[in-house]
Structures are given as structure tokens and as C-alpha cells.
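Note that the chains take the letters A, B and C in the order they are written out, and that residue 1 is the start of every chain.
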Amino acid sequence: MNAQQAAGSAVEAPVLKVQGLGLEFRTRSGIVHALEQVDFELARGEMLGVVGESGSGKSVMCFSVLGISDAAARVTAGSAVFGGMDLLRASESELARVRGREISMIFQNPRTALNPIRKVGRQIEDVLRRHTTTLADQLQERAIAALAQVRIPDPARRYHAYPFELSGGQCQRVMIALALACNPALLIADEPTTGLDVTTQAAIMDLIAEISRERQMATILITHDLGLAADYCDRIAVMHAGHLIETAPTAELFRAPRHPYTQKLISATPYGATALEELASIPGNLPDLRRGDLPACRFSERCPHVQAACGQVLQAVQVAGRHTVSCWNPQ
Amino acid sequence: MSALLELQSLKKLYPVGKTGRVQHLLHAVDDVSLTIAPGESVGLVGESGCGKSTLARLVSRLIDPSSGSIRYEERDLALEPAARFSRSPLRNRIQMVFQDPTDSLNPRYTAFETIAESVRLLAGVRDAGEVRSRVEAAAAQVGLPHELLPRFSHQLSGGQKARVGIARAISVRPQLLILDEPTAALDVSVQAIILHLLAKLRAELGMSYLFVSHDLNIVRLLCHRVVVMYLGKVVESGPVDQVFNSPLHPYTRALIDAIPKGGAAGRPKPEADAAVATMVSGDPMSPVDPDPHTCRFFGRCPQSGGRCNIEMPVLQALRPGQDAACHFPLAPATGKV
Amino acid sequence: MTILSGSSEGFRHFRYVMGENLVTLFAFVLFFAFVFVALFGGWLAPHDPMASNTAVALKPPSWQHWFGTDSLGRDIFSRILVATRLDFGIALSAVALSFVVGSFFGCCAGFYGGWWDRITGRLGDTIMAFPLFVLAMGIVAALGNTVFNIVLATAIINLPFYLRVSRTEVNVRRNAGFVEAARLAGNSDLRILAVHLFPNVLPPMMVQISLNMGWAILNAAGLSFIGLGVRPPTPEWGIMVAEGATYIISGEWWVALFPGAVLMIAVFCFNLLGDGLRDLIDPRRRT
């Protein structure tokens, strides 16, 4: 997406607007404060990368938007407005209508997400039958077209394949075909290429990016790989311990990261480094999110730039155009 | 340079079913020769199913090769069956760090017991006090705080588990450490810490590394030499910077191109170039009974020419120190990304 | 069970598991009550379980005889208490026997595969092909009516379950990372099996053991009920139910009801115990 489109989409109402989202898990060892004060929005045709380490809450955030969180999860605050509806307060039947048709999701492990004993073509037909008004005699044709669109070679033959007969990359293509069968307005891709080879990863990501562009579909790419997000996303949101700490257009984020954690994360990612010494490590661990005395800034205990003001309640500050950072002492 | 370890024509074929009386064979590792010098770090890269993990397990003597030899100090380790090698006096010379730090620790063992077992069985230390001091020394070397030693693996974080796995391997002072994707299951921040630790240990203990990874970036930072495998064969090997900057084999090129480039440059990815685009359109050929006269990369390779499915290219030195198995190697100019 | 011994951490974990799950706590209390009775039943019994007194034959429950008396005037409550040791003894030794034999062969089958696997697999299938109770009857009838043969028959019919569980559990872990790591640490195959794999197989086996204890008690009582097990006048729950069965029609319900109810509670207790035992023995549940 170029700058002109970005400017245009800022005026247009966002596809998804999440405000003040807070979520906790009730477990037998205490309450896990999984998300707090998460704000972000997503425009039509935009690809947003949500980047964070494991346990940062990036998947939990998207699951809660889709209403498919774990039973122990409870949304404590906030709203997620999609097409005029607050997804966090919608009933199960309202959500069921939206899921799969207007918001689709691609999961990390395509092999477990597909039904192992049903032909992949039939699985696409199931989605079409449930969410669209396709006539019965056109179902097969549409399913084959969907497979062709994700560039599965020989789609008419692969229509009859079972998931175990396909390679990992092809299974992920089938997943994408399933997710896109109903032309969703929002696609959430949760680590879609983890576990795939790098060459396959490039092909799958190229495919997702191309389809998003063609259909002007808003896309959220959840990944732990900052380099991957940098290659494909228009904007990147960095998460740390349940806080969304920095959001910026990709180029800007890499040129001028403001949050100390973002800076560390960028220099810990080995893509740019030419020698091992350049690779930064981040001392310490994520704080235990069950703690009752979690600091206002959850990075403050590991942060080299910590100061007295860091104890106050965090607020996202706009530091440049679409660049916001939640830090009392941005660098 | 005398070699610490020398692999000669190593093969591992797995029987996979029969048609009539013809036994089908999966060529997991097919005729691989490789030397590792003392103190050298060799990176082994390739995609899943290319046989790099099988090769690592052959070298670490966890499985037996179908044919070929593993020469170490004038001896052929391949002659001793893997089941017996675990009791061999040479067992402590070659150790391994596994990919998944969770899976590779016995859930019923504490960190201390895990490291202590190696010390007792391989270093032959019987005295409880000496075992303790050896374990604590190993833990200190990998930066594992002593108060974590009585913990079970599920009470440790991913990075701590990785340290336990490394401490177990280095506690017996191996000469060759095989690292099977040791950071693949870790977060980037932890990955950087572990990579620094591995570099430090190599300098302190003078070990050789065989570093198996699918991530060329890490290999580039940690290793001296890189070996690229594709479907059981070595397709290219050479000094890491040379291979990275001007690969000879089209597969190596595609592998390098496919790495996300973002990050440092902070620019959007350039349009996928011809090599990757052509390559990813096809799936790799089956590793079961591959045609011995066809290059394994044939069909996915953008360079495929007439000879490629008539004659298997052999690995040969095409530039000083840089070998490749290709009939149509890339010119230095096109190698640069 | 080493983890239960002494250490304060083990005890804390025991308390945690118990506090977490009231059903498990109930099952454990019941289990220890049974064990107590099995050990000290003879001293607790208010009457001599063998002494017959026709003057008070077939008397309904009263303060004198809590569970009433049987046709020979023996105190049913005392007989039930005393029988606990025999019934638990049979069940425990049968389960121990099939656990030891079954998990040894099962673990070897799962670890080595090949011939080990084929032979133990077929052995298990052969045993399973018979109606199990009929097989147990056949074994006791053929070998003779002794306590040892009841134990043996019960052990044999339970063997396939242990073979299968241990084979499967070892098989899925055979190529786990920690097994490869153990080999690199200089463990021989046998040591890997005994020291690394077997302890990891124990938690699921515990569930099996507990369920099997219930079956074993039922089986022993069943054999006695049809006259193939322990012989009268030895107090045993199955015989007591059998003896009482004839009187149910004539209205003397207590003769069969009380031993039957205790039998039922014992089986119930073991079935509840299983999950709790697994939680206790698995270090991953200790956090």
C-alpha cells in the first residue's frame, strides 16, 4: 500500500477498531492479566503485523476479537467495532454469522486445522454452503476455482485429495482457500508460515499479500518474526506482556523505533546483523502476568531507560503521523 | 588441516514398502562426504526433509548408516552399532544439543539429575561431591543459576531449558558438538542470548560445531563454513560469507532469496525474483527411489538444461574452497542478492 | 512411590491434589479406611466371625448385630470386616502380578518392536478373545481351588490391559528427544527403558492399576460366588453374597445386601482413585 492510499484510508472508517481492550484468564494459580489497554485500528486493504514474543498476548488478542477465546478468558474492558457491531458484546449467534464470512482466520498448523478424513474440496464446499447462497450444482466448480486461486497445481485433481496427501505448504494454501472462500473483509493470519520451509514461507506470504491487495481486504498478520512482518506489512504493532507498546508504519518503525523494547527486538533479529556481536539480547524474562503488583509499564523491570515517571499509568502517545508509543521515556 | 571428523560417502536409506518384490528405499542421506576440522564450525542448512537431521543423528551415532564411514582419530565409528556406541569410551567426544528443549529433557528429572547423568555415565565420576561440583561448573558455564538446578523441566523457561540441554552436552567436554536447530523453539531475544553463549563456549572449550539449521541467518553469524543439503545430497559447501554473497547452486540462491529481508533495511520486500518464483511453483521430487541420473533439483530449478536429467552433477570445487554440484553454476555477478 | 516419601514437597503436593479435588479426597479417605480395616479388621470385629450360634440365626440388623446374622447365626458385620483383608489381598497381589509382568513385556514390546511386539501383541489378543470371567473360571477349575490360583487367574485376565497401556505409552515416547539425549549421555537400551521411559509411563499406568483393583475384587468375589474361589466357611464378600442370595426371596435381605454393598463401595472407591493417583505421581502437576 502506498502513501496515497494510506492517507485515503485514514479518512475512511476503519474496518476494525479496537479500543481499550482488556482481558484476563482465571486459572487455578491466579488471575492472568493477559491484555490491558489494547488500542488499534485497521483500514481497508491494510496489512497490520502484530509482532511479539510468545506470551505477549498477540494471539489472545485476535482470538478475543473473534470470540473464540478459551473458556477461562474474560474480557474486562474495551470494545472491538467491526461493521458497526461490537464484537466483544455480540451474541454467539451474531458472531457465528460474522466468523468465516466477514472475518476469516488462518491458523498456524494447517494439518490440524483441516479435517483429516474429508476431501479438501468438500471442506471448501462446506464453507460455501454454510455462508453463501451458492447453488448446489455450482459448489464443486466454485471450490475448484477457490483452489485454483491459491495456485494449487491441478486443482480439479487436488479437489479429491485428503489433507495427508498434500504437503505442508499445499495444506496451508487449502486453508487460505477456505478462509477466503466467502470474500471476508478481514483476514487474521496467526503465524501462517511457522513450521513451513523458508521457500514455502515466501510463496505463502506472497500469496496472502497479493490476495489482500487484489480484494482490498484488511489483514492482520500475527508473527514472532519481525523480519517477516517488515517484508509484508504496511504497519507493525509490537506487543509485550499484554501491552501494545508501539505502532508505526513499517519503514518508520525500523528507521526510528521509540520504545526501548522495540529497539532491542529489532537488534535481536538476525537479519541485519553482519557479526554475532551486533546481535543484541534482551536480559530478563517477561513478567509473570499473574502477579498482583504488575508495574504500570510491564517492561520497566527490564528497561535500561527506566525512570521515576515510569510508575504512572501508561498512555499511548502519538509521536508522529501514525506512530504511537506507550512509554514515559521514549528514546 | 587435519580433520577432526571425516565422513566418507555416508548413506542412510530407509525401506518404505514393496511393490511385488522390489523394495522401495527412501534416500534420507545419499552419499555425503564432509570433513570438520578441530575448532571449526560447520553449518548444515536445508529445508525440512532434506536429510540434515538424519545426517546429524548419523554423525552423533544415534542411528546406523546404511553404508559409508565416519572417521575419527584413525577409527571408523560407523563400524560400531549405535546401540553399542552409547557405552563406548568415545561417546563423550561427540555430543548433541536438541531442537526442542522441552522434549529433550526427561520430565521426571530435575535439571541437576539431567546434567549429573552425563557426568556419571560418560565421565565416570562416582563420588557424589565431585558429581555436584562438575554439574555446578557446567551450569555456571552456561549461565544457569544454581538455584534452578533442583527444578523439573516444566518449572523452567524455554531459555533455561535450552541451557540445561547445552550444559548436559558440554559437561563431558566433547570435541564435537552437534547442534540440531538449538534455537528454533526459542523467542528471538532468547535466541540471541543462546547464540552468544554458544560462541563463548566454543572459544572457551575449543569445540567444533556441526550446526544444523534451516535459518541461514544464524548459520551466517555463527559458522565458518556452510553445507547446503537438498533431498539427501550436498549441493553446495564453502566459506559462509562466500556462499552467502555469491552462491553457485541455484537452490542456495533460492534459499537465500527466500529469507525475509526487512528489518535492517526497513524497506518493503522487492518483488519476488525469477529464481524464487520458478522454484516455489513446484514441489520437490520424491525422496523414494530417486532417479540416480537426474539432478535432485531438476523440475524446480530455473536453470534446468539438457544434461540435468541425464547425468547427476557431482560435487566439485568450482571456486577455491567452494564446492557445488551443478551443471550450470551461477556466475558470481548473479549470485549477489 | 518415592515422591510420596518423607519430603515436605511431596506432602505439600499431596495436600494440593487433595484440596483441588474433593472427589479424590473422598476416594483416598475411603481407601485408607479399607486399608485400616484390612490390617486391623480382626481386632475391630465385635464378634468372632467364625462362631456360629443357631439361636440367633437370620436375625435382622440390631444394636447387637449391626448388619444382622446369617443362617448359622454368625455376625455379618464382623465377617465383612475380617473378609476385607482377604479380598484386598487377592486383588492387590493379582494387580501387582499383572502390573509387573504386563508392564515388563509391554515396555519391551513398545521399545524394541519387532518380535517382542508381535509375540506380546498376539498373547494379549489371545487372552482378550475369551470371555474374561469364563477364562478365569477355567483357570481356577483346571489348576485347583486355592487362593493362589484365584490370584493367578485374576492376574492373567488383567494382563492384556497392562500390556497394551505400557506398550502404547512407551512406543509414543520411544523417539522422544529425552530418549535420544539419554542415549547420548551413555545410557544402554535397558537403562533407558528402566530409568527414563518406565517412570514416564507410570502416571497413565496408575489409572489402569486403580481401575483394575476394582475389577480384581469383583472377579475374586465373582469366582467365590459361583463356588470356584475361596471356600466356606472362610469369610469372603463373594461367598457371603452367594450365601445370602438364597434368603433374599424369603425376606432376609440383610444377609446378601451388606457384603454386596461393601463390595460395591470398594470397587467404586478404586474407580475414583485413578485420576487422583495419576495427579500425585506426575511431577508436571507439581507447580
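A few points about this structure:
As a convention for this text, a contact is a pair of C-beta atoms (placed from the backbone, for glycine too) under 8 Å apart; a residue touches a chain by one contact, two chains touch by 3 or more.
Nothing here was measured: the structure is a model prediction, and the numbers come from that model.
Connectivity of the assembly in the absence of subunit B: the other chains, held in place, form the touching groups A | C. The chain with its Cα centroid farthest from the Cα centroid of subunit B is C. Averaged C-alpha coordinates give centres for subunit B and subunit C that are 50 Å from one another. Subunit A and subunit B have Cα centroids lying 32 Å from one another. Annotation for subunit C: residues touching 2 or more other chains are 287. Interface residues of subunit A, counted against subunit B in their complex, comprise 53-54, 151, 153, 167-170, 197-203, 206, 224-232, 250-251, 253-255, 264-266, 268-273, 275-276, 279-282, 285. Residues of subunit B that touch subunit A in their complex: 47-48, 157-159, 187-193, 195-196, 199, 214-218, 220-222, 254-255, 257-269, 272, 276, 279-281, 283. Listed in rising order, the residues of subunit C touching subunit B in the complex are 176-178, 180-189, 196, 199-200, 283-284, 286-287. Residue ranges of subunit B in contact with subunit C, taken from their complex: 57, 60, 62, 82-83, 86-87, 91-92, 95-96, 98-100, 103-108, 117-118, 121-122, 152, 154-155, 165, 168-169.
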